[in-house]
Amino acid sequence: MDNHAHITILSKNNNVGLARLSVATFASELDFTLNEIEEIKVAISEAVTNCIIHAYPFEEGLISIGLKIVENKLIIVIEDNGVGIEDIDAVLQPAYSTKDDHMGLGLAFIDSFMDEFTIDSNRDSGTVLTMAKVPEKHKNKKINNVIN
Amino acid sequence: MDNHAHITILSKNNNVGLARLSVATFASELDFTLNEIEEIKVAISEAVTNCIIHAYPFEEGLISIGLKIVENKLIIVIEDNGVGIEDIDAVLQPAYSTKDDHMGLGLAFIDSFMDEFTIDSNRDSGTVLTMAKVPEKHKNKKINNVIN
Amino acid sequence: MNIRTESRGDVLIARVSGELDISTVPYFKKKILDKTESTGINNLVLNLEGVSFIDSSGLGAILGRYRYLKKKDGKVLLVSLKPQVRKIFTMAGMLKIMDSYKNEDEAMNGFNEGRIA
Amino acid sequence: MNIRTESRGDVLIARVSGELDISTVPYFKKKILDKTESTGINNLVLNLEGVSFIDSSGLGAILGRYRYLKKKDGKVLLVSLKPQVRKIFTMAGMLKIMDSYKNEDEAMNGFNEGRIA
């Protein structure tokens, strides 16, 4: 059942849909509900949009999306070689944005919708977002096992 | 408008849908009709299925899908590191298959549905399929230009 | 991929929906085989109205059912092929060996006419 | 992304369908701006029934229209939010500043009640 895939796209607005759809299709191998798939789509959309807007503000760059299924866990690694993040703690605050007309909710959405979420970033060498999600169904199973 | 993307998947039955959907989404940036998108989906399905069945008959391997839009042309390169093809002329014949229960129509479908199609293969180093398609709309334009 | 079946006399109707490719062919084969064996019915009406995608693996699976049932003097009739699905069947020459009908009723009539003749 | 608009008195109704993300936000902004400017209407009913996806870029674009029209004493009302769309609006706290209605008629009533009060 374990699977993995890798997608590289250019940081173009049009490619956000491609990223979202590919990841949703890959994720559908697991027992996610439609609602959970929607949450994954929002997380991908936010992460890829951040690469387009923030990581590569001046010219197009590459966005790498690594996908993995290990047992019942979907693991997604989104990587850019863009400008990087100076203060990771700051950007993780909801409503914090380094751009005036942005809501600063992207990373907060990712954090709410995914079970695990970490950021690694270095000024000028880029940013790596790692996120993971397990279908609710399987989480319940685990809890039931503990209870019984 | 030019764009490119790259997808790597494992040679698992389940991943054919992912390949098809990703390519269809990427292709939809061009002016393809729904019917043409369906044709592209069949071509991808055949090429990726061949990698799964023929290129890696014994164990899973990687399938690489390169996507490019250059002006109005969609270019797709599908590559495996599998067993390779011994006699390319032979396999290009419709109804030719090296497997008993297969129809031998995959490559014929690709050839009908795409405008350009070439195979490069070496025994034991794998196979590269390159195909390209231009939306009918734009082909007509070219012809009109010549006529006028 | 979803397959619902119904038997009407000596005809099994299978209503297939979803994508028929290498990932769903094993389920398709097993489901049709199980149903024809458990009912002993050798005539099959394949309603493909809900099939949104088919490639040569899907065609191969249908051809396989056709050959299997033909050996038992059964027939396979096709129903409700969408234009893009019909195109694939036509290109493969499969409409030369299997009849195709607009709807299930016409296909059932197709069986009965065959019998009177 | 598809946006159809209709004016009813001093209210512009915009029926949006498709995915509202960074790739469609420029079209959304331009379409709403053009229509409100050309009609001089500052009240907007956004019918999002056909919106199958929205992320924070989409929310940002709607918030932008809200701020722009508010400066002109206009209002933005939301109509027909699907559950997953409503969740995103709620999480962003946007339903605290914009009212949401089941359908267009109720939203139009919402405007009228506001006026009587």
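So that you can tell them apart, the chains are marked A, B, C and D in the order they are listed, and the count of residues begins at 1 in each.
Criterion: contacts are C-beta pairs under 8 Å (C-beta built on N, C-alpha and C of every residue); 3 or more make two chains touch, one makes a residue touch a chain.
What you see is a predicted model, and the numbers here were worked out from it, not measured in a lab.
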item	value
Centroid-based (C-alpha) most distant chain relative to chain B	D
Centroid distance [mean C-alpha coordinates] between chain D and chain A, Å	28
Centre-to-centre distance between chain D and chain C (centres being mean Cα positions), rounded to whole Å	48
Whole-Å separation of chain centres (CA-atom averages), chain B against chain D	42
Chain A residues counted as touching two or more neighbouring chains	14, 17
Set of chain C residues in contact with two or more other chains	none
Inter-chain touch pairs (all)	A-B, A-D, B-C
Chain C residues touching chain B - in the complex, by the definition given at the top	19, 21-23, 26, 53, 55-57, 59-60, 63-64, 83-84, 88, 91-92
Residue numbers on chain B that touch chain A, as the complex places them	3-10, 12, 14-15, 17-18, 21-22, 25-26, 29
For the chain A and chain D complex, residues of the former touching the latter	13-14, 16-17, 20, 35, 38, 41-42, 45-46, 49, 52-53, 101-103, 105-106, 108-109, 112
